[in-house]
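These are the structures in question, set out in turn.
Two complexes follow with chain A in common, the first pairing it with chain B and the second with chain C.
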Partner chain A sequence: MMNILLHISAVIIAVSILIALYRVAKGPSMPDRVIALDMIGINLISLVAVVSLILETTAFFEVMLLLGILAFIGTVAFSKFIEKGVVIERKRD
Partner chain B sequence: MLTALHFAIIAPFIAAVFVPFLYKKFSYIHTGWFVLAVPTLLFLYFLQYLPITANKQTVTAVLDWVPSLGIHFSAHVDGLGLLFALLITGIGMLVVLYSIYYLSKEKEALYNFYTFLLMFMGAMLGVVLSDNLIVLYTFWEITSLSSFLLISYWYEREKSRYGALKSMLITVMGGFAMLVGFVMLYSMTGTFSIQEIIASADDITSHNLFIPAMLVILLGAFTKSAQFPFHIWLPDAMEAPTPVSAYLHSATMVKAGIYLVARLSPVFAISGEWLWLVAGFGLTTLFWGSFSAVRQTDLKGILAFSTVSQLGMILSMLGVGAAAIHFDSMEDNLYVGATTAALFHLINHATFKGSLFMMVGIVDHETGTRDIRRLGGLMTVMPITFTIAVIGSFSMAGLPPFNGFLSKEMFFTAMVDITSFHLFNIDNIGIVFPVVAWIASIFTFIYSMMLVFKTFTGKMQPEKLDVKPHEAPFGMLLSPIVLISLVIVFGFFPNILSYSVIEPAMASILPSLLGEGEQFYVDIYFWHGWTIELFMTMGVIGIGTLLYLSLRKWVAMYQVFPDTLTLNHVYDQTIVGVERMSSRLTGSYMTGFIRDYLLYIFSFFAAALIFVLFNKNAFSIEADLAPISLYEVILAIVLVSTAFVVMFTKSRLKAIIGLGVLGYTIALFFVIFRAPDLALTQLIIETVSVALFLLCFYHLPHISKELEKVRFRLGNLIISIAVGVTVTLIGITANSSRLFESISGFFPEASYDEAGGKNMVNVILVDFRGFDTLLEILVLGIAAFGIYTMIKLRLAGRNEL
Partner chain C sequence: MKSNDVILQTATKVVLFIILAFSVFIFFNGHHEPGGGFIGGLMTASAIVLLMLAYDLEMVKRILPFDFKVVTAAGLLVAIGTGLGSFLFGVPFLSQTFDYFTFPVLGELELATALLFDIGVYLVVVGVTLTIIQTIGEDQ
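And then the complex of A and B:
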């Protein structure tokens, strides 16, 4: 029973990734895509969590943490890029 | 071990090393005097071997060079080798003496000249005295090389360089062909030793490689000996100093090919093709050389074509002489005479042609020109030179009482005898041989007469000459006088050569004919009786005189041939054409576009692998594959659709983001295929590389955010699909055809028991296969340094950053 539920939730998460992917492809504006990417990242975290339950392993917990960090950094970097055109600003001297 | 014989062969090379020192140290003495000692001593040394070879003894001395490959520096002295060695050292001696007076001590770079000349002399001795084919080839190439250097001695002249390059190209081409032939001989007989190959000659006649080996070796011999159609380098080699022409291009190097033919006759002569090729090419060359000589106006040009023609004559006699092998008994064996004649004429030609070249050199030296249209009437001014010219030319024309007459008579005998030859269908068209030989002799007569009478008789034209002509100094005349006296001595007493030199040499060429204690009958007489040869000679003199006197009327005939049909034109066009064609060919595929090169690489990759896959019938799909889960399907759909987005998007940014999605999806695949370490690494690396892509995207100039429409090219589509299909098919095949169990069963237990780690992947990375990891770290380090250097180190515009 539990197992079936897990599978169903995994499929739902996967479908939501696909939908977010559509947004990435379609746009229309750059912030739309970045938000969609961020959402894919978060969905990936939950998917990895569900998969870990299905596989009954703790080996992927680091992956979840890492995804969280990367999704955050990526979104911030993209936002900065959209706003200022650069990711890392040079020191003004 | 190193014997005196080996030392004699390499002595010129050793002496060559000291030439520049002597030149510098004793600049007040002409360097030639020091050099003169080398050939003189060698000549005296080789004279000692005369009694040995006359008794049918041979001397062999072996020095190991590369024994594991069967290559030994083995010197072998027999009749044939000794004949050539004496020619090389004897004429070398006279040429060095002549060059001392010919080349000015002040104006010329004498150290170059004598170094090259000694190098050539040593190489030539090596060619004729080597018993090992590879060593022979080595010396053979050194003769080509030193000849190249000597022809271009006056390298500031355009024509010298042209002539040197031409002779180099042609002779080295032949040399390479010959090497191939030698290797074939080795693969047939298993030895590089000529004597051993001759001993096993009977076994290889039916071998598949026998005819190809013969053809390529003959190509080498023909190019070296300037046989038709490879004779074209010899007239252009006349740009060399005259002593060089006299030595290399009349007496020694051009006879290396003849030496080779004579040396390998016992191996190949049993076949009819050998006879046909050698005699046929020799006769063609004889005719064409003498025919072309008549149109020349340059004295050395005449002599060059005359050399070509005489070499053809010697070769044709050797070819006919090979027929002797088919008759066992010595009695009534007419063809032995042809070989005798070939060897006799070889010696004669060296004597009279050497003296004629020296004579031309004297005329050139004393009048400043070699053009027969500007010369004339020198008889009274230069009486000694005139005498030399008369004797040399008359001997060349085949007039009695000089030695040329004897060899010409013997040549006619050989050519007439061939009509009664009943092997290889030769009696049908054999009549062509004596007729062509006779016509060629008429032309020989004409140009010999031109040589004498156009130069020395008629009216002197002092206004056309740069200097006032006068007789040459005695030292310069000495060498041609010695040679010309040899012409007379051999003419009157030919038998001093017969049993001392010629007969032992014949024993080397036709070894199978001699039984125990037998010897060839080689007596040479002036008077044969009223034979057909005598009438042929009379005809030559009669018709030749008539034609010479009417030369002005028919010389225009030579203009009939268009220049585009000459062999020189063919050669020049080939050189230009090959160069143009290859540059066009290279230009057609080396476009400079990386796209094109990738196209070649990918199409070759796909074509070759698919061909091999199906040609070897290797494609297979295993039946029991792992079950496919729903997640894998979904992830695969994500992967494929993202890939399509990347391919067809118009926005660069979208493409970069799409790539990022791809990378993350792959990380997810790692998750569901249970590879946590890979998933971690993949995620970080993907993030970093997307960031780098964005960096590039931002910094590259002239690239807009929006792409122009990606142009569709059918070729690209086909190749990309082909590559994809190839990789897929090979992946499936590789997965389906496992030959043995994987070794992965070893690691799960061993990683804890032996390495003390539970994470198997990490244990493999740092314990079992730590060496790879080390080098991967190195790669990353190099990449980091590289990036740093590329950014910081800008040699141009350093201050910009």
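And then the complex of A and C:
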């Protein structure tokens, strides 16, 4: 019973990733694509959680924290590039 | 127009220490569970990259006044040194050993010499990543 529920939720998360992928491909402006990529990252965290429940292992718990950190840093870098044109400034005045 | 990044800078001041603590955890975790020197070094480098994103290159250079090429060289020296150290005990190159020690507060710990080699890997990964990012970021 629990296994069926976990598989159903994995499929629903995959569908949500597909919808976000449509926004990445179609999105009229650049910020739409960045937000959709961030959403894909967060959905991947929940997919890893569900898969580690299905496989009954704790080996993937670091991956979830890692994906959260990397999604945050990637989104910050993209938004800084969109707003200022440079990612890392040499000297801030 | 002068932009104001106060939310990003305040969030960075909190998140930076969480990422650094996670990188140290995943570095020491690597002997028995997933993790190790490579991913720990990458997480430390990404914490410093977040600092560069929220502030600027000059400030990061003032906070961390290392030449990261020297950090890479030091890591390679540590890795070579653990290999050469096994000659002192008359065993082949890069032999590893471990033993159990008892500490006053921490209790019994397993200390392996593979940790010393992992420190070398950690320093090389941090040095190479930050050298690449600083070199790309400097020319505009």
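Going forward, the second predicted complex is superposed on the first by the 91 of 93 C-alpha atoms of A that agree within 3 Å, B and C clash if a C-alpha of one lies under 4 Å from a C-alpha of the other, contacts with A are read in each partner's own complex, and residues count from 1 in each chain.
Everything that follows uses one rule, which is that a contact is a pair of C-beta atoms (placed from the backbone, for glycine too) under 8 Å apart; a residue touches a chain by one contact, two chains touch by 3 or more.
As the structure is a computational prediction, the values presented were derived from the model and not from experiment.
Of the two partner chains, chain C is the only one touched by A:Glu89; chain B is not. Once the two complexes are laid over each other on the shared chain, residue contacts for A:Leu47 go to chain B alone; chain C is not touched. Once chain A of one complex is fitted onto chain A of the other, the partner contacts of A:Phe72 are limited to chain C, with no touch recorded for chain B. In the superposition on chain A, A:Leu37 contacts chain B only, with no contact to chain C. Contacts of A:Ala59 after superposition on the shared chain: both chain B and chain C are touched.
With both structures placed on the common chain, the touch criterion links A:Val24 to chain B but leaves chain C unconnected.
Once the two complexes are laid over each other on the shared chain, residue contacts for A:Lys80 go to chain C alone; chain B is not touched. More residues of chain A lie in contact with B than with the other chain of the pair chain B and chain C.
59, 62-63, 66, 70, 73, 77, 86-87 are the residues of chain A that lie in the contact sets of both chain B and chain C, per the superposition on chain A. Of all the residues in chain A, the ones that touch chain C in their complex are 59, 62-63, 65-66, 69-70, 72-73, 76-77, 80, 83-84, 86-92. Chain C makes touch with chain A in their complex at residues 3, 8, 15, 19, 22, 26, 29, 33-35, 39, 43, 46, 49-50, 52-59, 133, 137-138, 140. Chain A makes touch with chain B in their complex at residues 7, 10-11, 14-15, 17-18, 21, 24-25, 27, 30, 33, 37, 40-41, 44, 47-48, 51, 55, 57, 59-60, 62-63, 66-67, 70, 73-74, 77, 81, 85-87. Across the complex, chain A is touched by residues 630-631, 634-635, 637-638, 641-642, 645, 649, 653-654, 657-658, 660-661, 664, 667-668, 671-672, 674, 676, 679-680, 683-684, 687, 690-691, 694-695, 698 of chain B.
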